[in-house]
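One chain, chain A, appears in both complexes that follow, with chain B as partner in the first and chain C in the second.
Our next item is the complex of A and B:
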């Protein structure tokens, strides 16, 4: 991975799965958090919080600081609106940046990453190299954040290295 | 040398050296290997599959059946490469195949003498008896004698990549119609991918002397390619073959990234697999010229007429010095014109038709035999053509001296990809060729692939089709006009010529050595369906998949069976359209990276501490830890068991499935999922649970812990983690969507360690001095959330080993730190890490059923857990578990086994027989599911399923192991070998 200069590991991030309770909408959750919660596979961020739509009524929530207490605080803030599970250790997270980042992800994912179809704020939960991943585009650099189940990070990093060698 | 002094699309300033069969030659940049061989007057390049007949170069494209060579050497050797499609590079090494001792003198050519037995279906007829000899003798012999190139047997040193692409329009083929379509769509702003097998784009424009807009066709093509390359919305993929059409508008393609180089550039793959999702696709694959059937049509020097033109015009190579033409359409006459233009004499033009075409007026016929309604009836020469015998319409025979025969039997639209979805092509009376009637969704043929054979109509068709796509996508099409097209090739009808009364070997399928007489024989033996004919004769089953010449065979079959060819029909094609390497499908997934691997948080720690790993699904789990001096795995495992039962041990159990089940209805859902009750579980307690499948058999077991009224934490076995998650999601989303319950996998979040043994409490107390772990305060099956060094941990008093035991969980990011801290706290107590093998031994000693017992065929009753099935509530599997077959008292159920002779070894898989019973299947009364040596007891023990189960405790039976040929007398005993009263567990 050290040879791949456009991918870096992101260590100091807290993560949680947020699952809406029955009948609760994205807008309800947004109201509680004072945050524009995406209804679709998309990423929204602000004030150090990020939410990625990963399925109907489910989100991956991120805090840009490593904080043991944050998942509990999020759970408390959402009260009876949503169930929350700490996933801060569940995923390894990467930042991919630059034109090579788009090309590398396109080698792996059957998701159209052309700016016509996938822009800043777009998110995808998919498979790369037989490994489940979620990624979302941060800006037009383009930069992406990507998460993978932590147990499979070595396998994914091997794939990163194999593909990056040809870029 | 037969290189023409001028012309061609080769770069004469860049000579390239190469070797064929060890001999050095040179060619130019822009050559294919076939072109360069012909330029060096190498005509014999291969031996045929069955008869080992000398073979030369027949075509100039990927449909080549003869000129198959092994490209490169050593680990990079690639057998069966088509010389006609291999771009020449400096230092290229190729060799011929399927010959011994040499290409020029092949002993197996003797097969030709035995050709009467090598007829259609000869495998079935000749090697019937004795059947025993087939595998041992016949098949190895046939495989050695027949066949193609050999694999190197060495690991491939190169890599293979993959890419996904999305477009509005995929254009398959960059000939006239493909270029016109891509240009129209590209100018109109569509996202376009243009893929072509060839190293240069242009298709037939590169091979003909046609003109467009006042420029040579090849120059026009180069201009279009240059314009397309300037558009950001257009992706050009030369050297890329689209090989298959799939559901969802998906196309498979292989880009030969490095095959035109001596070896791939650093980091670059040899080939790349493309999965292309295209809203529309145009099949602009052109047409493939049909050979003619006549005796000796396979001799080196007999070539397709269009290939002769291609070698002259594209590569500036004269494939011969004096040519005879045999044609059933105008193409042959055009080739005669091309030959004369290159200064090569034409000795004869033989046309199966009665009239000379208009094209003939431009030919110098002063020294040329013209035979109408004629045929070539014999070829002189074996390793190269030396002459031809011509029979004209009146039956008169004339011999001409020539070293080249150019044949043309008309053209077949290259529609193979279009029948990938099961659309059988239909015969066009108008065109005398099969065409696509229906095509896959979003896919249509254009240009000559759609039967629009002339250059003008192909260009126009490409523009028309692309314009329609642009309009369908709601965009405005660019205005297109392609002016001043000067055609070559004539405008005659496309005829299918089927000869009758052939004498001698006239080949239909060149690569599989299927002759006209084989087709007739097959028909006379009743193989009159086109699909049966294919399998019986093997016509169309070689690497060219019949795309060159099978139609001739279908024509012969029609003739034999007195049908029209429309009635005889043709076959459908399936992917891949041209052969592809398996490596490109595997991509980066090879060797140890064959599939993803999962590592726990303490994987590196385990590796540093002597762990041997075992694959459990994708997980790597520590199987045992080798200490210095331990050379036998049993030594390590026995030590780990004894140290744990006698003191304390620690095991990484992070791979168990873990699921958060949350929400107001979590308790209700778990009551319905588990056979036993969970809504009554108090907060801060764990309970063992059993899940049944819908059909009443046991699905999985584990524990569920209640951390709050609406928070349960469910564990599953490692093997069933994903399945149970799926089961829970199905139940809450599909069966009972009205429940307010959420679930998510937290397997990856928590690193979990099991600390077991009489000293486990002391170790934990040292680690967590602030928590009261006395038996009164933290009972068996207690659970709680605490903190360790500021990080949340979860503590459970659960046991798999039967010892006093705990499980401790922490966010996996700190998993290794916690493990190291426990090892440090446990050092004064002699703590040891143990692996899955010791874990298994201890659970067998304790009589816990696991995957071997919960094998999908056992009920709760079979496993001694019948009492867990609640009668106070409904749950998945309850009703089906009551079926008579599942409650039959005669079912096999779980017991323990111990050997009568303590030195004997019990093994899993062995069968139980009543004492004195004959060892046969009907007498089998049970079988061993799990076996281990118990270091605690000092002898081998086993768990078994046996008819009658518990009632047979104390009975002596015979353990019969057919595989390992052992018979061990055993005694049936209780499944719980260690601490049956559970005192250690609760103490």
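Our next item is the complex of A and C:
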């Protein structure tokens, strides 16, 4: 992403998909992790852990270090409450930051990213240029983190570069 | 058209896969072939409100049951199909 100065790749992050078992609530998962687990499409972070709500009873979990053991530790912490699958090599991840970041995402996603509708902590699983993505807002800069299935990385980067050139 | 996903919020209909009428119920085994024919193929085509299934493939990956009026596309209810069929 050398051509776009407000987007950078994030490499050293561990990712895992968490899917609650039948009848298990966000509060149950939160109890096991000592973490305020969002039951809506939102992003929460703390103590080196991040959770993004991706659907009812499903989350994308993040650890800010690349650690092969982390998904297993998360699985052990959740026991019979949820299934955990390592996605660290399944997604490519990006950090988008600054006013152009919102403008660029808004040109791709058909959801309202105005600060009145989408704020720090908001998250969305949606589609940009026919490519499935999930992104969430970190702060009011605004900065966003975005994940895409790794095999779609080149196509999405091409879209980033094309749209960024027009901003 | 915007579809009000109960989890994701209002989304473009292109994010969804349309599955049609939500009312047919699979016949209990054992059932006559004619019953299965009706279940698989026969559909009402009402001018008015209809419960129908939409799959949010490009979002939360959940089935949604919408109540939509076929005359003006007004959507009066949306719920996760996993939470039961009726509003």
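Note that the second predicted complex is superposed on the first by the 167 of 167 C-alpha atoms of A that agree within 3 Å, B and C clash if a C-alpha of one lies under 4 Å from a C-alpha of the other, contacts with A are read in each partner's own complex, and residues count from 1 in each chain.
Keep in mind that, in the parts below, contacts are C-beta pairs under 8 Å (C-beta built on N, C-alpha and C of every residue); 3 or more make two chains touch, one makes a residue touch a chain.
Predicted model, so just to flag it, every value in this text is computed and none were measured.
J.: Given the superposition on chain A, which partner contacts more residues in chain A: chain B or chain C?
T.: B
J.: Could you tell me if A:25 is touching chain B, chain C, both of them or neither one (first, second, both, neither)?
T.: Once the two structures are laid over each other on A, A:25 reaches no partner at all.
J.: A:110 contacts which: chain B (first), chain C (second), both, neither?
T.: After superposing on A, A:110 lies in contact with both chain B and chain C.
J.: Considering only the touch criterion stated at the top, classify A:41 as touching first (chain B), second (chain C), both, or neither.
T.: The second partner, chain C, only.
J.: Looking at A:12 after the superposition, I want to know if it touches chain B, chain C, both of them or none. Which is it: first, second, both, neither?
T.: neither
J.: Just checking: does A:126 make contact with chain B only, chain C only, both, or neither of them? Give me first, second, both or neither.
T.: Only chain C; A:126 stays clear of chain B.
J.: If we overlay the two complexes on their shared chain A, which of chain B and chain C does A:55 touch? Say first, second, both or neither.
T.: Only chain C is touched by A:55; chain B is not.
J.: Considering only touches as defined above, state whether A:152 meets chain B (first), chain C (second), both or neither.
T.: It touches chain B, and chain C stays clear.
J.: Quick check on the output: what are the common chain A residues between the chain B footprint and the chain C footprint?
T.: Comparing the two interfaces on chain A, one with chain B and one with chain C, the shared residues are 58, 110-111.
J.: Residues of chain B touching chain A in their complex?
T.: Chain B reaches chain A through residues 159, 161-166, 191, 266-269, 275, 277, 588-589, 593, 595-601, 618-619, 660, 662-664, 710, 738-740, 742-744, 746, 748-751, 790-792, 811-815.
J.: How about chain A: which of its residues touch chain C in the complex?
T.: Residues in contact with chain C: 40-41, 54-56, 58, 110-111, 124-127, 132.
J.: Can you tell me which positions in chain C touch chain A when the two form their complex?
T.: 7-12, 14-15, 58-62, 80, 82
J.: Contact residues on chain A for chain B in the complex?
T.: Checking each residue of chain A against chain B gives 17, 19-23, 58, 68, 82-83, 85-91, 106-112, 114, 116-117, 129-131, 149-152, 154-156, 158-159, 162-163, 165-167.
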